[in-house]
Structure formats: structure tokens, C-alpha cells
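There are two complexes below, and they share chain A, which is joined by chain B in the first and by chain C in the second.
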Partner chain A sequence: MSSKRYIWWWVLPAALLFLIIILLPFITALTYSFRAFSFTDSTATGQFIGIENYRKLVFDQDFYNSFKVTFLYMVPSILIQGALGLGIALLISRAVQRARILIPIMLLPTLLTPVVIGLVGVLTLNPDFGVIGIWLNRSGLIKEAVLGSYKWALPAIIAVDTYQWTPFVAVILTAGLLGLPKEPYEAAQVDGANPVQTFFRVTMPLLWPYFVVAMLIRVIDAFRIFDIIWVMTRGGPGTVTEAVAVYAYRHTFRYWDMGYGSALIMVLFVFISIMVEYLYKALQKWQGAGGSSA
Partner chain B sequence: MKRFKWFNAVFIVLFVLSLAACTPPAQPAAPAEPAAPAQPAAPAAPAAPAEPAAPGEWTLAKAAEPWKGETIRVIGEALPPLEALQELSPQFEEITGVKVIIEGLGHEEAVEKVTLDFAGQTGVYDIVLQPHRALGKLVSNGWVRPIDEFYNNPALRDPKFSYENDLLNTEWFRETCTYQDKVYALPFHFISMYLWYRYDWFDHPDEQAAFKAKYGYDLPSPPVTWKEYKDAAEFFTRKAGDKLAGETLANDVYGHAWGAARHVSSWYDFLNVMYSFGGRDIKLPNNRGDSYGEVTVNSPEALAALEFIISMIPYAPPGVLSYTWDEKQAAQQSGLVAMAVQWDDAAFAVEDPSQSTASGKIAYSGVPIEKEKMTQIEGWSYFIPKSSKKPELAWLYIQWAMGKDIQIAQMKLGGESALRTTYEDPEVVAIPYVPTAVYLKTGGKWVLKARQVGDPSGNGVPQRYIDAVNPATGDTSVSIIAKPTFPEEERLTEAIILAVNKAVGGDVSPKQALDDLAAEMKSILPK
Partner chain C sequence: MAKITIQNLCKQYKNGEVQALKDISLECRDGGFFCLLGPAGAGKTTTIKLLAGIEAADSGRILLDDVDITDQMPMHRDLAVAFETYALYPQRTVRQNLAFPLQSPLRKNEWTPETMEQRVVEIANLLGIGELLDRLPRQLSGGQRQRVALGRALVRKPKAYLLDEPIAHLDAKLRHRMRGELKRIQMELGITTIYTTPDQLEALSLADTMAVINNGRIEQSGTPAEIYRRPANVFVARFVGDPPMNILTTHLVGDELALNSLMRLKLSEPFRRALSGYPPEKPVLLGIRPKDMRLTPPDAPQAKLHAESGHIQVLGETSVVTLSSDGLEIRLKLATQQAPRRGERVGVDFSIEDCHLFDAHSQNRIATEND
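On to the complex of A and B.
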């Protein structure tokens, strides 16, 4: 009985932090989303306006564009990071002892803040001052400003994001690979399976839960991408890299329209929740159906 | 069990302590390190020896006595003027016993942080430096105090302090420090943009001969019209291996640099060209930023300006579409370009030999002319927030910083004083960019020094620019153009940045961009 009472003491710090850092701002933003509240509009003084912000959002073409940009960034990013992460994990797991040394080194880009990674991108991709930018320009591969180009700005952000997050995926998968049981491999060997068959029929099904976790974390993270884009392009050129979080930030902290900005955040929250739920179930279902039946 | 209880108690205490440690610190983040300004002949003035005050005489030390041991916090844009203030602040600390913490951030970050601080009424800052376009927002939300409540208080006002008759330009002051005829700030600086050009290239006899042979007229040193600017930009765009001013180039060189990224710098750049082409984003009544006017951003003049900007892209470095003012400045500092229209609060860095290969090789002229010889009003000002718990002390600091000696010392370290007396100091006048800055900010009325082609230094207003006629007035004066300061201005700024960026990037035609922009601006402004 008394140990049950202690459980509440242990939960209290986390509950308080959750309340202060997540729940209160969330409720505040939810309240704002039903109000006309702007620091740059003297008529919007916080009055209740019902679902007007959400109605406005339905007809906002730039909002839809920001969703499109988010998916154009997210889908290739996740696929590339998943594939590269898996490849790196397989390479590292072959050399178990050395892997322990490699993991912290490999994680360095992930440990840096996205702002720093974004700045690295800005500095290296500039065709006048940056190492990569100058090389791309002189080699004739990309003659224009990568981050000022309608064609190359988004791929550049995907590349920088991949540089930062592939190690994260690789580390999760490496951990998974190093922890796999040996028995299924011995059985596969006895059955005469070749390496490809072993990979698809033994390794992948066993690794799948790790893969699902890594991908889910990346999808959530990718959907709310802000820092790297803001530092590298601020959503430009035009709106070609203006993802949803950037668009919401612009309305909230550049236009100072707290009401509409909050409505955007709420929609983003609901969308991520639904998407993660759906994705998780879909991946589980795929695994249950023997997803890797090669 | 007992031990378990003891452990729990310790844990809770530790948790509460760690929460306390996580609350917003009493002090803001450590102030930005000053960027070691190595300006020649610009030593920080030593603290003036305290003169014995007559009994009953007002002194800063006596006025600040109630706050001895306290701290005041200032936030502004991390550029040479703020770094100069930071370097001088120990003098104030010495006199008053008050600690001064100055926080420098990027332009947009400083605006954002202050707005968030005010919205949260945290009271972290005692003095905020903000660009004047934020005036309407700051006043209409009731976030800042009028200055008169301090200026008219004999206990707080230094009887020797009087700024009204010492301002470089009263119209500039009205736009940067007042709103609806009420004074809400004092000027941290008046700044404007002007043409930086490599006079060692423009004045070189080989280049002059080559230009004349190619274009049929004398190389304009400096260009005073946009046509001359374009010709000069084309002329100086060279490949590595070509000759320039008698030397073989190791890398490509370009005619000019421009801020074309989706960034506030592209807004300022666009305004320069649009204003000089005779266009306006909003036709402000009586050139007053606190008054609403008709949206004219899609006028033929504005369209011609935007088309001109796009036509200049080929003469800029390859990275121009991702340039902000930072890259533009870096292009000048590294000798990559012949010209750029830049801010005078950045000129200090380009004249610093430790930061710039172009130091001592740049001269300064006004923005080229099409239909108007003009300069745009800009400035950051000292505001005292209503949320400050020490507004009187904040005032004392501002008053001290506005004092003549401090203004001169700050100017020598990279400041941009708004006071006329600062420019009576011969050392200040000798700073290369100062005569042009003063000439523009006084509407062409005050020529501290003229520069002739071939002068061995870049110091002085180019004679060509002094003599250039302003088509809008018919004389040689410089028109001073105000920008909106009403609360909606920040949204208009963002809209203009996006429209210009889309047009420059080729996403939409210039006409389409400006027509869409005009519609959006009308939707933002009060009906």
C-alpha cells in the first residue's frame, strides 16, 4: 500500500514537467486558436471568434503549399535515411568490437543542434565562399546559388537533414543488429540459406521493430522540421522550402498573428497524431503479414 | 523503509532546486562578445575624470545613487554601434556603480525576442533597441514609455542634456523616435544605405581608358544614375586571369552585390531602387510613417525598379540569390565585387583591415538616381519598456549614452551618431564613410568634405554626387524618404520580401508579383 503511495512521488516530477512544458502551452495555444489575437492588428485584441481561424485556414492556399513542401521533403528524407542507415548499420555490425568506437563518432552530426548543422549547410553550399558550393559551381554541376534556387534548395535541405539524421537511424539499427539472437541464423545456415535469403528472411523480420521505431521518430521529427530550413532558406526562394512548421512560425512570430498561428499549430498536431497512429498500425500490420517475404 | 523515505526527501529537494535552476535566469544569456574592432585611430575614450560637483549640482553619480549595485539589461542588434556601446559602458558602471549587461542578437532575432519579452511582460530588459518600423507595434500595444516623463523630471535630467537642437535631422528623429507626435525613444543611431564602391578600381587610369573605349563616356567614379551603375557593374564583371586595375585576377570578380534571399535585407534593397525610381510601396501623407496611405506598390515606377533589379543579377556573384546583407558585406570585404549599396552601420567592419581586404579601398556615395536623389530613413532607437522595474535608471543610462563625449567615442568605435555636435570632431570627420553619411542624413545640406576623383583616400562625399541634380526637386538636395511605422508594417515587410523574392527568383513575373503584393497589402491594412 505504502509503495503505491510512493509511486505518485516518483511520477510527480515528470507530471509537473509535462504540465509546465507541454500541457499548459498546448492549452494556451488551443485557446488562442479560437481568438483574434495579433500584435500587429489593433482590431485583434483577443476577442473570441469561434472557428474563424480554422475556416480561414481551409481556404489558405499557402497552407496547402506548406503541406506539399513538407511531404516533398519528408518522403525522400525518410527513405534515404532509412536505406543509408540500414546500410551503415549492417557494415558496422559486422565488426562488433570496432563498432563501439565508431558509434559515438558517427553520432556527432546528430548530437549537434539543427541550427549548427543548418549553418554548416549555408557556409559550405555558398557558391562564392563555401567549399561545396564553389566545387559545384566550378565543376559546372550547379552554376547557381544552391539555396537560392527553386530547383536545388529543397534537395539541399534534404541532403543536410540526411547528413544529420542518418547516423541516428544507423545507431538504432546497429543496436538492433547487435542484439539479435544467434539461433535463427544457425537454423538458416543448417537449412542452407544463402546470405541474401538470410538477410530478408531472418535479419529483416527480427530487425523490423527497431526499424519501425527509427522511422516513426524520424517521421514525427521530419514533419515538424523548422530549424534547418529557417537557418538555410527561411522558406525561400519564394515558398519552395516553406514547410508547415515554418509557415506556422512565420504567422506567429513574424506576422505576430497568434490566433491564426495557433490554429496552424493545432492542425499540425492533429495531423501528426493521426499520421503516426496510422503509420504505426500499417507497419505493424505489414510486419504481421510477413512484411519481408522475399 | 526509513532509508527509502530519506532518499525520497533528498530527491524532492534536489528536484525543486533543479527546477529553480531551470527557471528563466535573472540575467539574460551572456552578452555577445564584441567583435574586436581594430579600427585605426579609434581608441576607447578613457572615463572622464569626475569633476567635483558644486553642492546641489546635478550629477549622474548622485542621480543614480538609489540604484547603486543594481543591474540594467540592454538588448539590440549585434553590429559595431552596439559593440561600441558595450565597450564604453564600463565608464557608466564606474560612475554609477550600476552593472550594465548588453545583449546583441541578429536584426530579426532582436525584434522577435523583444516582442516576445513584451508580450510575456517578463521585465527582463530595461532598455530595448528596436528598428523604427516597430514603433507602431510597440506603442499601440502599450509596451513602451514616453520619454517626456523622464526628460521633464529635474531629478533625472542632466541640466546640460538637451538633444532637440542638436539633432542631425528633425524629420529623421520624428520618424525613428516619435509616434503620433509623442516622443517614445531617443536615437541610438540614424542609419541609411549608400553606395560603397572600390575607388582604387574606379579611379585607375587603365580602367578609365578601357571604360571610355567601350561605353563612349568617362568611367563614372562613382556612378550617380542607375544606368551608370549598370554599365559599371557590367564593366567590372571579370573572369579569373583578366586584368583589373593593373593586376591579374586570381578569381572571378563581379560588378556588384545584392541581397536577393528571402530576408529583410531584400526589402531594404528593393526600397532603395523603388524610391529612387520615384515609386512608393505606400503613399505616406506628409512623408509620415505613422499615417496610412494609398498602396502604390504596383505602380509603373515600382515595376520598373523591380525589373531593373532583376536585370542586374548577371553582374552579381553566383550566390546572389541566397545573399542577405551578411554575404553582401562579405563579398565587399573579400574584394569579390566592385559595388554594393550597403548600410553605414556595417561600414566600420569593411574598413577594419583585420576583417577586410578592401579596407582603405572603398569610397562612399549616395544611392544612384533615376527619378529621385534620395535616402531612406532608418534607425534603431532606445526604448524604455513599461515592464522594466528600473525605468529611471534606464533613462539615466540613455541620457549618459547620448552625451557628447560618449557619442564621439562611440562614433570612433563604429557608432552612427544622430547628433550634429558629434560630427564637429575632426577625428570623426576623418572616418572614411562619415561625410557621405552626414550628407545624406542632412538631405544634402551638410558637406563635411567633398571627394574628387583621384583623391588618395575614400573619405568624402564624391563631388559627382554632390553636383547631381535631384529630378524630384530640381536642385541638388537629397529627398528623405520615410517608411511606414504603423503596427501593420511588419506584416507588410514580410509580404514585400516574399513578392520581391519570387520575382527575382523567376517564380512569377515582376508585374504579377507586384499586383499580387498590392492586393495582399490592401488586405492587411485597416479598411
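On to the complex of A and C.
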């Protein structure tokens, strides 16, 4: 029973760490969001102004635009990464018996920091000396500079993001596939199922939980995308690639409006929380139904 | 409807580290009920998997109606398997699991949704899982899952059923009932069935032919009666029949078998002839089934052996008594009211005609002219 008395001591280091690096900054940001606090405005010295920052936010067209951009980036990139990741996972788990060896190699782009990946994107897409940029230019597919184009900047970011994160999805799904029980497959062989039936009725239902986890991680991560965009376009041209996190950064560290920037981050936080909760439940329900729509 | 023949089948696992099947040959007649009896790890499931085509044989042939199917895809063999590990589709309901074999593209025009549903319900009711059709496998108990696995095999009418310990995880009462049901279904449909089990009673009661398998080798095959009456070696003798046959190590002295100083047994004429030429220094294993021994008073003239009664296991009508004598243990099966008290001195009588003799080195049966 003495172990129970000491239980708080065991938790203490982790709790302290959580307090210092997560809770304190969060609470600081939360309090800032209720204050007028700007380094560029001598009247905004941190005085309490209630929900003024949030009120301003509701009428901020640029803020709505940043949400739109976030979704325009997030939805296609996650769908593409899910489909590509699944395809790659199916290929390597089937073709390579010791697919596990491939996993660390495949993960390389995911292991690099997004800043590096963003720079890779900038360099390869440069119309004058980038490998892909030159080719796009000469073949006449895209005449302008890709990252300076209103039409192509966001697709370029989606492509670079996909380059970084598809392996991650593929690795999770490969691990899932390699770990699936083999008995149902034996039964399906005997029962005379063809490959399509086997895929939709055996593989997908079994793989679904892994798929859900991979997609959830991607949704959370995609919603707060910042680094790649900052390196590649800084939200431009205009605001066509200005996602929520980029917009919040601009207000906080470019315009030095800590109060308003904090309010933006709070909204982002609440939004992600709600979305994760909702998505998780929805996907779970789908799984509970036995994936019978297949 | 099909005759199944297995010829010299071999299978290794882990690059030869494990010899799962060593030169197995079997034959199951058209419409027959064939039991493969053996302890865990004997190679029963491997045999089923090779028959079904889920795993490939290293060598040997499998014939279905004299057609070589050794290299045929599982789906084209038209066999139905009830897996020991159930192998249910975890995300599909019981109904969907049972209907799955009927939805194969191979049987596209055989079933309409209505006849399919009808068949699924029929099989589910037969197996007593009619109430569970909309449940998922994870919501079922082990016994219920096993019945779904069995149902998925029985739902269609293939050339043969391969049932791998299909009722092993049911409770005793249900198992007893299912045994009867299985035999009835099989007789009605006349579909060739290969059935594996570690339970000798199940094999004896279901099979019309059977084989005893151990360590990847067929120890003996034949009808249940043949195997019970004339076990080919010590393993079969002890594996078939419960409690296991008593095996006593004796020596040939003239025309008698001597068990140390405890017993002298006069050989009958057929045994004497069978043992003529048997080296006298080599022990003879004397086998006698617990049910073939009788208790006598210790001083009775017909008592062949004297012993002290030990542990008594009451099984209701009958009891199994363990007797010990000078480090030797003998089991007897007798009516409960005849059971001795613990520690009582008793005599044991049996008839030489009920005995089985085995070679001490090869462990094989020493056949007599009566065999």
C-alpha cells in the first residue's frame, strides 16, 4: 500500500515537464488573448480588454480566408496521401517478404524537418534552375514560376506535403498489413473469394483501425501546417496559401500584436480539438458498422 | 462427392527444422467419414491445410477422385474447411460470415439473395446460432465462434468437408449433441468428410475409417474396430481407449511371461507360436486394457497379480482404480460398487485372450494368427 502514497512522486517529473513546456505557454497565450498587447502600439500595454480580440476576429475577412486555405490544402492532401500510402503499403507488403527492412528507408522524407522539405520544394520548383521547375516551364505545362502563381502555389505545397507525409501513412499501413491475422485470408481462399472481394471484405475492414490512426494524425498535423508554407511562399502570392497558423504567425511576430495572435491560436486550438473528437467518433462508428458498405 | 487419396505427403517448416508431415498416405472413400486422430502437434492441421491447398506440399500427391489436385488453387478444389482457429472474418456479422462462401464469383448464378438467406438461417438454426446472426465474431463466446466456423463450411455442398477439430471448444453437452448432428448431416448428404480430433472417443464414434497420426507419421489406419481391437503399436494402444492400456514389461521364460517375481503368465497357444524365435533376453511388452481386468480377493486362486489399491477416480457408474505393486502401476476400470477401499490388498485376474503383445524395441504389435 506504500506504493500508493508515493504515486504522486512518480508522476511529478512528467507533470512538471508538462506544466513548463505545455501548460504555461498555453495559459500565457490564453491570458494574452484577453489583453491589448502589441509592441507596435504604445497604447496596447497589456491591459485587460475582455473579448475585444475575439470580437475583432469574427469580423476579420482574412481570418476566414485562412480557414478556407487550410481546408483547400488539407482535404486534397490527406485524400491523396491516404490513397497513395495505401497503394504503396499494399505493394511492398505483398512484393517484399521482408518489407520491414524498407520501413526506415521509406521514412526518410518524413524524418527530415519540414523546413528542409520546404527548401527542397523551393529549389526543385524554381523555374530557372529547379529540376522540376525547368521541366514544367520548357514543356509548357506551367509557364509562370510555380510558387509565384495564384493557381499553382497551393497545389505545389500540397505536392511537397504529400512527398513528405505519404511514406508516413504507407509505413503505418504496411505495419498494419504485416500484422494482420492470416487465418481469414486462408478462409477466403477456400471460400472462393476473388482478389477484389478479399480486399474489400477482408483486408480493408481489418486494416481500417490503422487507416483511421494514420488519417487522424495527418488531419491534426495538416491543420496546423506552418513550416512548409512559410519556407515556400510565406502565405503568398497575396494570401492564397495563408493557412491559419501562418496568419497567426504574421500577426504575432510580424505585426507584433501578441493579443490578437494569441486569440487566433486559441481559435485554432478549439477547432482542432472539436474536429479530432468528432472525426474519431465518426470513424469509430463506421468501423463498428462492420465496414459493410464495401 | 469424391474420393480423397493422399500419397507420400511430406511437409517441412522453418527450412526443415520442423518435419510436420513425414510421408503420409491415406485414403478416404467416396462419401466416407474419415477421422484423423492424434495428439496436439501431430500434424492434423497441416494435413488439412495441404488438402485445402492453403499450404503447398514439399512432396507427395493429393488426388480428388483420382485427379491430381496437389498444385491446384484452393478455390478451384471445391472443398469446405472448418478451421480449428475459426478464421472468421472479424469485421463481418455471423450472417455475412456464413453467406461469404455462397457469394464467391465461382458460384455466381447458383444462389439468389433469397435462397442464400434461407440457407444461412437453416444452417444457423441447425447449429443453434440462429439468434446470433447479427452479432460480430468478437461478441461471441469461443463455442459460438466455433459453430460459426463449422457453419461456414456446412453452408454449401462441396466435394468434401475438411473439419479441423470442429467441436473441440464446445461444452461437453453441446459437443455430444453436435457429434450426433454431424454424423446425421454427413449421412444425409453423403459428402466425403475428413475430420480431425485429439479425442479418441470422438474418432471411434464418428468415423467409418480412421487413422492415428503422431509426430507427422501415420501410426495405423483402418476401421475404428480394427484399431481398437488390434492396435498396431504401443502408441496406438495407449492413445485409443480410456483410460490408456496398461503396458507391463515382461520376459519370456519357457512358455510363460514373467513380470519380475510378481507374476507368471502362461501363454496361450497362438501367443506361444507368435513368440517362437523371439530372443529370450529381449523384453516383451504385455498390454491389457483397464476394462479387461477384474478384482479378486487377494487369496483367490485365479488372482494373477497382487497389489495394493491406491487412488480411486469415480466416474459415476464406473470407477478407475489405480493399483500399485512394487513400483508398478496398473489401472483398472470397474463398476463403482465393486471398487476397493484405498490401501486394501487385492488380487487381479484377467484372461490371456484379452492381452496384446508388443516388441519392446520396435514397440510394434506381435501379431498372432487370430489378428
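The rule is short, and it goes like this: the second predicted complex is superposed on the first by the 280 of 294 C-alpha atoms of A that agree within 3 Å, B and C clash if a C-alpha of one lies under 4 Å from a C-alpha of the other, contacts with A are read in each partner's own complex, and residues count from 1 in each chain.
Convention: a residue touches a chain if its C-beta (ideal position, glycine included) is under 8 Å from a C-beta of that chain, and two chains touch if they have at least 3 such contacts.
Bear in mind the structure is a predicted one, so any value in this text is a computation, not a measurement.
Asker: So if we stack both complexes on chain A, do chain B and chain C clash, or do they fit?
Answerer: Once both complexes are aligned on chain A, chain B and chain C fit side by side.
Asker: Just chain B (first), just chain C (second), both, or neither: which does A:Y6 touch?
Answerer: first
Asker: Which holds for A:D41: it touches chain B only (first), chain C only (second), both, or neither?
Answerer: A:D41: touches chain B, not chain C.
Asker: Can you pull out the angle centred on chain A between the C-alpha centres of chain B and chain C, to the nearest 10°?
Answerer: 150
Asker: Have a look at where A:Q61 lands relative to chain B and chain C in the superposition and call it first, second, both or neither.
Answerer: Neither: A:Q61 stays clear of chain B and chain C.
Asker: Is A:G133 contacted by the first partner chain B, the second partner chain C, both or neither?
Answerer: So A:G133 only meets chain B here.
Asker: Classify the contacts of A:E144 with the two partner chains as first (chain B alone), second (chain C alone), both, or neither.
Answerer: first
Asker: On chain A, which partner touches more residues: chain B or chain C?
Answerer: Comparing chain B with chain C, the partner touching more chain A residues is B.
Asker: For A:G235, decide between first (touching chain B), second (touching chain C), both and neither.
Answerer: first
Asker: Once chain A of both complexes is superposed, is A:L206 in touch with chain B (first), chain C (second), both, or neither?
Answerer: second
Asker: Smallest separation in Å between any Cα of chain B and any Cα of chain C in the superposed model?
Answerer: When the complexes share the chain A frame, the smallest chain B-chain C C-alpha distance is 40 Å.
Asker: Which chain A residues contact chain B in one complex and chain C in the other?
Answerer: On chain A, no residue contacts both chain B in one structure and chain C in the other.
Asker: Okay, in this complex, where on chain A does chain B touch?
Answerer: Chain A residues touching chain B: 2, 6, 9, 13, 16, 39-43, 122, 126-129, 133, 137, 143-150, 233-240, 250, 253-257.
Asker: Would you tell me which residues of chain B are touching chain A in their complex?
Answerer: Against chain A, the touching part of chain B is residues 1, 4, 8, 12, 15, 19, 112, 115-116, 119, 137, 140-141, 260-263, 317-323, 327, 330-331, 334, 336, 487-491, 494, 498, 501-502, 505-507, 526.
Asker: Which residues of chain C touch chain A in their complex?
Answerer: Result: residues 49, 52-54, 73-75, 79-81, 83, 85-93, 96, 100-101, 103-107, 136, 152 of chain C touch chain A.
Asker: Over in the complex, which chain A residues touch chain C? Could you list them?
Answerer: The contact residues of chain A facing chain C are 181, 183-184, 186-194, 197, 201-202, 205-206, 208, 287, 290-292.
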